[in-house]
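Presented below are the structures under discussion, each in the form of structure tokens.
Next, two complexes with subunit A in common: one pairs it with subunit B, the other with subunit C.
On to the complex of A and B.
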């Protein structure tokens, strides 16, 4: 009896902690629904008395958000495609063998993973301008993001491949499968979930990417939503309800995916990131 | 030719092809820019020579000029403060939360995972939200602090040079705490439970158990996490762009923002490259610590 009481108490404390931690998110949703004057009221209302639901449509129209979100999706999908096509095989080989070469490869990949984007953008920008890639700014951003995020993907997917028993693949080889055949019909299907979760994580990162897009894409009609949000926030802005409505439209799909797949994402992340 | 082909479909060549392609891609798009960065930091780069590879070579001139600028040392100091304060905050709060959620109760792991939303959100959105929360006259943080009697007048978080760096630190601690908590939870759950049973039989209290079992057993996780925290905080750019833009008067500027500002606001690509090179050396050192501390697990 005392045990269940204790558990209930712990759950209550945990809910309070989560509420405090997630307050900024709540504040975004609430501010978006406030009218211009309610937003600057003192004391601020912690519950919208007069929710302005039409604000989402207004912001969507006035900021041309459809175009921004579309560009974000194009860039994120492009980056995920490049990363998955190239990264899965790399992760597989690095998981399958254990020798000096694999150690060197892993070390290289971990080192390339840590380079901050805001420091790498200078040489990438100058280099891209010299080879003419800046003519295709979204492609340039996709390539830059792919190079930045692929190491993380490889580390995560490698952990997935490590958990696929090697005996299964060997059995397929004994039964007359070629290496390619065994890879596509045995190993890949078994690792499918892990690859999918890692790809979703990469998608979410690329969907919110800012430094490369801001620096490389000059044409406003090709910019993603993060750059659009940045240009919305001038230094002396007071349109906070509109900005929060923009942010709401931008992040709600990501948050929905995350909450739905939370268990898988967390376990995928923890198995790869520290091991 | 036939042998090469059959090796690719069914042999060593298959593995080599799978690894060589992505590694070549990475070396081309990460390794090469890295070297190019070092080259540019020794060159004179202006808008006219941007298109050529062989520009006038100036030796260490860029480095010398950089350290002659009055803002260089304060910005390096800001970076040190930002990194130390962010890591300390993220780690301590994250560890506290991880210890709390370690005690099993229904819904613990689901609630714990929910915290991670701060980490999957785009950095710019996090920055926008905190920009509004930290706003001087109408920010909700000032309101809460006033109501609880901690401050009497409003703090102008973003425009007061004494607080602007801390505004970004607060946002960054919020952003990174959940990640620290999740990884520390993994470390905690790996500690064998019978150690605690044995200690309890020997009469150790909770405090002694924490210091003699939990902390020593977590040593490698903590080391890896702090190195990882250093890497992540040095990557933090979006929050600066969204909250203070490095201002006012560089009071919240850090090297990773400054390098970008040099290149893309002041079009001084050589200086931008020079700052990048200096910082990348730091990041590389941190990542060597990280790789070493996880090596036995990598080999798993």
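On to the complex of A and C.
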């Protein structure tokens, strides 16, 4: 088998897989634009003949999406802030000190990552209700998400810190800086990309978070878009085009961020991972 | 005068590993001290303890008379040049140079002026705006040096600063560093595993092995009177020849074994029958006609660089001989060897310590 032939075959396989993987997304976009009858036509149309653009405005108004999206943004930003502020220091320590306790700590952190949200929610709910955190449901969700996503962030950022040579820090110490000064003026700027990328990944996770928000936030006016989407879908729903329009409005900004930053994200992930 | 740097009874443990063993070292102000030894002997550990990057486990370390044991690096006022140069990648050359000044709150204009002055002396003036990744290896090396000399520290510490450069540049930088040291009137401690660097640059050479200082002194004293077989073999290039030998009846000569026993005169007293090691430097042996001289040996290899000829004998153990200029000896010849009795170093076969 010649090399070019092999390459073409690989490319074809990749395209087929990508198509399968992206099909639901494609279906979401075109269903949103279909009219009620076109939606249930057999065979289904793969391209809307009469796109219903006004649907976005209607859904935005009728579902009060502005409020939902705002809540999602508040929760995601809150979680990213908590995780970044606490996680960067943690990752740095885990990157710079090597001993048995650090290894045990790292192992426990990775263990946390394994536990599913649906399992964690019961103890979290009970605990939060006891300390009265449920009075502030968005804060409670922020803390729960932070606890859930922190390990992922710490592991990624630790790898970034490990790729910053220790000698640079030592040079800064000998040059007259303190440990903290060296961290802020040398290590942090060099790890900035990795931290940014990890924070963006966390933001995207938190923006779509559902389990904790659904369980903890009862008041509709505080619920994020993920919960709003869920309550849109009753048992006998047939307004799929409206739901898909909602989903489109919800995910397109995140997709756009990802596409814009994808080169940086991928290089950030690997440059941290390789060293 | 109090020494600029003083280690007394310094020990360093990494867990159970004893990395520095009872180090006694005193470094005079304005001197250039080289630390040499094989890989892993503790040179970097000693230097890093001096900079405060490692803490010592016991003993005292003084800089300019003040005890430094618990003082953090930033308060020791030393400058260090790392083997990897450790230039800050996100800063321009100028920012790299002025980093230490900016931390101390030197005004911008003043720092800039200092950077320009230093850059002028190290030939970096046209590179001040570049980032380290845009420089060649030699230029990076200069930036690392300049960053050290921009303030006037109590001591300069170098950890193998030339090992990433090619041979020609290394020889050139050797002279430059030494000239810089003299011009600044600095106190320098220079780590290298290259004994030629140590011998040519330093006033004071410290030879280490496995965390122990084996010998220290002026370069030529180490060359002339190594205290043990290790130092004798480490200092000098090509390395000294070592031959098993026993003291002969008269006490003033040795019977060496190079396949066949041969008697050679020495300048010290060795008890008859004592097992020793005779050491003789390749450059102290001269080639004479086969029927004269102290030994008769066969030649196995002759290598010539034009200015030097390196002869290896077919004896067991082999002997290395260096002759200046060209030689008409070729492989397979029988030659005679001669050397002065004073040029034979005698070491005890058991302890490997010098005798006499």
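Operating definition for what follows: the second predicted complex is superposed on the first by the 248 of 275 C-alpha atoms of A that agree within 3 Å, B and C clash if a C-alpha of one lies under 4 Å from a C-alpha of the other, contacts with A are read in each partner's own complex, and residues count from 1 in each chain.
The criterion applied here is as follows: a residue touches a chain if its C-beta (ideal position, glycine included) is under 8 Å from a C-beta of that chain, and two chains touch if they have at least 3 such contacts.
All values derive from a computational prediction rather than experimental measurement.
Novice: Both complexes share subunit A, so when I overlay them there, do subunit B and subunit C fit or clash?
Specialist: In the superposition, subunit B and subunit C stay clear of each other.
Novice: Check whether A:172 is in contact with subunit B, with subunit C, with both or with neither, and answer first, second, both or neither.
Specialist: Second partner only.
Novice: Once the shared chain is lined up, is A:25 touching subunit B (first), subunit C (second), both, or neither of them?
Specialist: A:25 sits against subunit B, while subunit C stays out of touch.
Novice: For the combined three-chain view, what is the angle at the C-alpha centre of subunit A formed with the C-alpha centres of subunit B and subunit C, to the nearest 10°?
Specialist: Given the fit on chain A C-alpha atoms, the answer is 90 degrees.
Novice: So, A:244: does it touch subunit B (first), subunit C (second), both, or neither?
Specialist: First partner only, subunit B.
Novice: Quick one: is A:121 in contact with subunit B, with subunit C, with both, or with neither? Answer first, second, both or neither.
Specialist: first
Novice: According to the stated criteria, A:262 is in contact with first (subunit B), second (subunit C), both, or neither; which is it?
Specialist: After superposition on chain A, A:262 lies in contact with subunit B alone.
Novice: A:221 contacts which: subunit B (first), subunit C (second), both, neither?
Specialist: In the superposition, A:221 contacts neither subunit B nor subunit C.
Novice: See if subunit A has more residues touched by subunit B or by subunit C, and give me that chain.
Specialist: B
Novice: If you take every C-alpha pair with one atom in subunit B and one in subunit C, what is the shortest distance in Å after superposing?
Specialist: Superposed on chain A, the two chains' closest C-alpha atoms are separated by 8 Å.
Novice: Following superposition on chain A, which residues of subunit A contact subunit B and also contact subunit C?
Specialist: Dual-contact residues (subunit A): 178.
Novice: Please give the residue numbers of subunit B that touch subunit A in the complex, ascending.
Specialist: 9-11, 14-15, 17-19, 21-23, 25-26, 29-34, 36-37, 40, 45, 50-53, 97, 100-101, 103, 105-118, 120-126, 128-133, 135, 137-138, 140, 143, 147, 174, 177-178, 182-183, 185-187, 221, 224-225, 228, 231, 234-235, 237-238, 241-242, 245, 256-257, 259-260, 263-264, 269, 272-273, 275-276, 279-280, 283-284, 286-287, 290-291, 294, 297-300
Novice: For the complex, which residues does subunit A have touching subunit B?
Specialist: 6-7, 10-11, 13-15, 17-18, 21-22, 24-25, 27-28, 31, 39-40, 42-44, 86-87, 89-90, 92-94, 96-98, 105-127, 129-130, 143-144, 146-148, 150-151, 154, 162, 178-180, 183, 201, 204, 207-211, 214-215, 226, 229-230, 233, 235, 240, 243-244, 247, 250-251, 254-255, 258-259, 262-263, 265-266, 269-270, 273-275
Novice: Taking the touch rule as given, give the residues of subunit A at its contact with subunit C in the complex, in rising order.
Specialist: Per the stated touch rule, the residues are 165, 167-168, 170-178, 181, 185-186, 189-190.
Novice: Touching residues of subunit C toward subunit A in the complex: what are they?
Specialist: That would be residues 51-53, 72-74, 76, 78-80, 82, 84, 86, 88-90, 99-100, 103-104, 147, 157 of subunit C.
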